[in-house]
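Below, chain A partners chain B and then partners chain C, in two separate complexes.
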Partner chain A sequence: MLTQFNIPIGPFSFSINTSNTIVKKDLSTLYSDYQIEQESAFTDFSITITTRSFLRRFIRPQVDFLLDEFSPFKPLPKAQSFAMLEWGMNWCIATKAHHYLILHAGTIEKNGHVLVMPAEPGSGKSTLTAAMVYNGWRLFSDELALISLKDLQVYPCTRPINLKNNSIPIIKGFVKNAVFSTIAKDTHKGTVALLKPPTESVKRMHEPAPLKTFIFPKYVANAKAKLTPISQTDAFQILIDQSFNYHILGLEGFNALSSLLQNKQCYHFEYSDFDDAQRLLSELVN
Partner chain B sequence: MKISKSIRLHQLKESIALFCTFTGDTHFLTCPYDKVISDLNSEARSRSELLMSFLNNNEFDNVDATKEFNQFVTEAINSGIISE
Partner chain C sequence: MPLLINVLTTPSLLASLSLAQWQILLSQATASQLVGRLDYLLKLTNINPPKEVEWHLSSVTKIANKQRQQALREFKEVSKSLKKIDTKLIFLKGATYIAKNLPCSHGRTFSDIDVLVDKEHINHIEMVLKFSGWLKTEIEDYNDKYYRTWMHEIPPLTHTTRGTTLDVHHNILPSTNKNMPNVDNFNIETVIVDNVGEIYTLSDIDLCIHNAVHLFTESEFHHGLRDLSDFHLLLIHFQKTNECFVKQLIERSKDLGLFDYVRLAIRYTHLSFNTPIDKVTLAELSHQSTLIGKLQDVCFMQIFKPNHSSCRTWKYPIAQWLLYWRGHLIRMPLRLLIPHLIRKTIMRAKDFFKKEEPDTFLP
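Right, the complex of A and B next:
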């Protein structure tokens, strides 16, 4: 039976239509703290997770992701349904929400200050974000930093945290009573599971906050947590590389990044131990 | 010579960031070339005035500095940052 989930997520409203049992179960579990409605007056993104091919419902089952009537991706195995939905939701925001400068970054807040942590895939950004938000920080996003072009504030896009491979048992060990989605194996990113966001972060997902600084994190085995200052020029270049829409925004993007970097000291951040990392990052916002 | 109309500048701590509204390209100029751009941004200058300022602000050998300056100006003109 087709079920509709209308979910407000930060500044966006998603409508998700599906009869897929995995998606329904994971949405009900991971989004249980959200104000899910049966009907919504306004929807930014209308998504359907379905199987278009009749044969693919039974033989090596697959699912399709549709935004309105448009299918931007190739079908994936049914076991990856929920991961596909979350990746698709990222794609919706990154390709449409150009009233924000969007950076590929973990984003956390404490004491009214936001740390934006842009990084390449595989650098431990989501793992660090997951550990911090279950250790006193507020989750804005593990993937997308939304910086408003109007007021340069950072806006939360609080959603489940996407963890891969070894990060899954690490966070299971670090976060007591962590709630995970169905685990998807053999995806193009390896094994993937999504971690339920903290309830307090979901409650406050409509509260933006100003940026404190940019941190470029990297997990280094056995390293002591260390912040190394980097030049604004290097930071600017990395931010351009890690932006989804700098090239689309043009001068607006340049002005936004220039203003954000004004009087900011940015850092490379090496870490291996979460408590150690937590202490050092907290010093930046105390 | 002057900064092209399509160029927007932002002073960073260690460099100048330039954005070309025509091409969408972002450039970063560090010392000593950021000073050339700063000078041009405040007012239009002749090539010889710019060169004089460049030589006075740097401790290179004058022959090498002149060569570097000319190379920089040529590249800046080709990139559309400076117009004559």
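Right, the complex of A and C next:
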């Protein structure tokens, strides 16, 4: 049976329609703290997870992601249904919400200050974000930093955290009673599981906060947590590379990044131990 | 009529829509690639959309503006790359609308830049473009051969650093279409573009003819409503300064042997958007056979609706099927078409059993 979940996520309203049992179960578990509504006056993104091809219900089952009625991606194996939904939701925001400058970055807040942590895939940004938000920080996002072009504040886009491969057992060991989605194996990113966001972060998902600074994290085995200052021009280049829509925003994006970088010291950040990392990052926002 | 067509016909209706209507309108416009046009019409009529809708519209306008910048850049780059070759270089379709700064260019998104060059130099042109960074996208050998043997263009080229896609044509119709015109008969116009300089486009009348030919030789109508709406805005715009524009358009299309496509374009633009056309002219545009005329009306009026569940009826798939075959039969005779379609079906069946890799970058 087709079930509809109307979920407000930060500044967006999603509607997710599906009869897929994996997706229904994972949505009910991971989004249990969200104010799921029966009806919403206006939906920004109306998503359906379904299987369109009759044959693909039986032969190597697949699922389709539909935004409204159109599918922007090829179908994926059915076992990856929920991961596909979460990737698709990222895609919706990253390709449509150009009233924000959107960076590929873990984003966390403490004491009213936001740290935006852009990094390449595989540098441990989601893992670090997961560890921090279950250790005194507020989750904004593990993937998408939304910087408003109106007020240059950072807006939360609080959603489950996407963890890959070894990060899954590591976070299971570090976060007590962590709640995970069904684990999807053999995706194009390896094994993937989604971690439920902290309740407190979900409750405060409509509260933006100003940016403290950008830090560029990298996991280095056995390294002591270390912040290395980086020049503003180097930071600018990394931010452009890690932006989803800088090329669309053009001058508007350039002006936003220039204003954000004014009088800010950005850092490369190496870490291996979460507690060590937490202490050092907290010093930045005290 | 679907809500989207109503507001495109009468933009002032945008002032009195409920939020629920906006939700439907946005879905229909997204399905038809007309969100940017809605935003343009809102600005033109000084109407403010509800705050929930506003960013959806302005985001598409930002994408359209970016594409406009990209087109302006390519005017310069492509002209520079082909400077040493003795060929014409005419920008077509979306690029022309931008070059001439026509109303339909605002908020209009498109996927590639189309140019028309001399057929005799096409190999040389492709090679020179390759050295300027324009590479062929991955294409099956069969499709590549099909393009080169039968089509009026070479396979699309993508620029390695700028990411733009370029469609290089040597005619506006494939050689297998019985109406293929002699491209030397088209009227070419010089346009001076700010910060770019001189570029070449088709004349106002000929660019309308090209729009009509392109639209009414399609077999799939993914941008059908968008292109028809372009044609509507073109007619309105050109009629403002030239009362006889439509008459001249018809005459000229007869001279070029392309009247049938122009006839359909004017007829369905008028039926869909109420484009002002006088009665005498309209009467001239009906099909000689009443039966075929009726069938065309049913099919085209279905296909020029937003491709969205809120507009679809049982007639839609039938119209889609008939127009699919119409398009293919116009493109080439059956003796070529049947082997081609069999080949395509086999290729598709093979794909079904191949392990699929996601082709879109998922963040």
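Throughout what follows, the second predicted complex is superposed on the first by the 286 of 286 C-alpha atoms of A that agree within 3 Å, B and C clash if a C-alpha of one lies under 4 Å from a C-alpha of the other, contacts with A are read in each partner's own complex, and residues count from 1 in each chain.
Basically, contacts are C-beta pairs under 8 Å (C-beta built on N, C-alpha and C of every residue); 3 or more make two chains touch, one makes a residue touch a chain.
Note that the structure is predicted; figures quoted are calculated from it, not measured.
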Is this a clash or a fit when chain B and chain C both end up on chain A?
fit
Just checking: does A:E283 make contact with chain B only, chain C only, both, or neither of them? Give me first, second, both or neither.
neither
Touch test for A:I240: chain B only (first), chain C only (second), both, or neither?
first
With the two structures laid over each other on chain A, which partner does A:G250 touch: chain B (first), chain C (second), both, or neither?
both
Contacts of A:W91 with chain B and chain C, given as first, second, both or neither:
second
Which of chain B and chain C A:H188 touches, first, second, both or neither
second
Under the superposition described above, what is the C-alpha centre angle at chain A formed with chain B and chain C, rounded in steps of 10 degrees?
70
Applying the document's definition of touching, compare chain B and chain C: which contacts more of chain A?
C
On the A-aligned overlay, A:E39 touches which partner chain: chain B = first, chain C = second, or both, or neither?
neither
In the overlay, answer first, second, both or neither for which of chain B and chain C A:F70 touches.
second
Enter the shortest inter-chain Cα distance between chain B and chain C once the structures share a common frame, rounded to whole Å.
6
Interface residues of chain A shared between complexes with chain B and chain C:
247, 250
Residue ranges of chain A in contact with chain B within the complex
231-233, 236-237, 240, 247, 250-251, 254-255, 258, 261
Flag every residue of chain C that touches chain A in the complex, lowest number first.
19-20, 22-23, 27, 30-31, 50, 52-53, 55-56, 58-59, 62-63, 65-66, 69, 308-309, 352, 356-360, 362-363
Can you list the residues on chain B that touch chain A in the complex?
8, 10, 12-15, 17, 19, 21, 24, 26, 28, 30
Residues of chain A touching chain C in their complex?
41-44, 46, 55, 68-70, 72-76, 87-88, 90-91, 94, 96-99, 104, 143-144, 188, 244, 247-250, 252
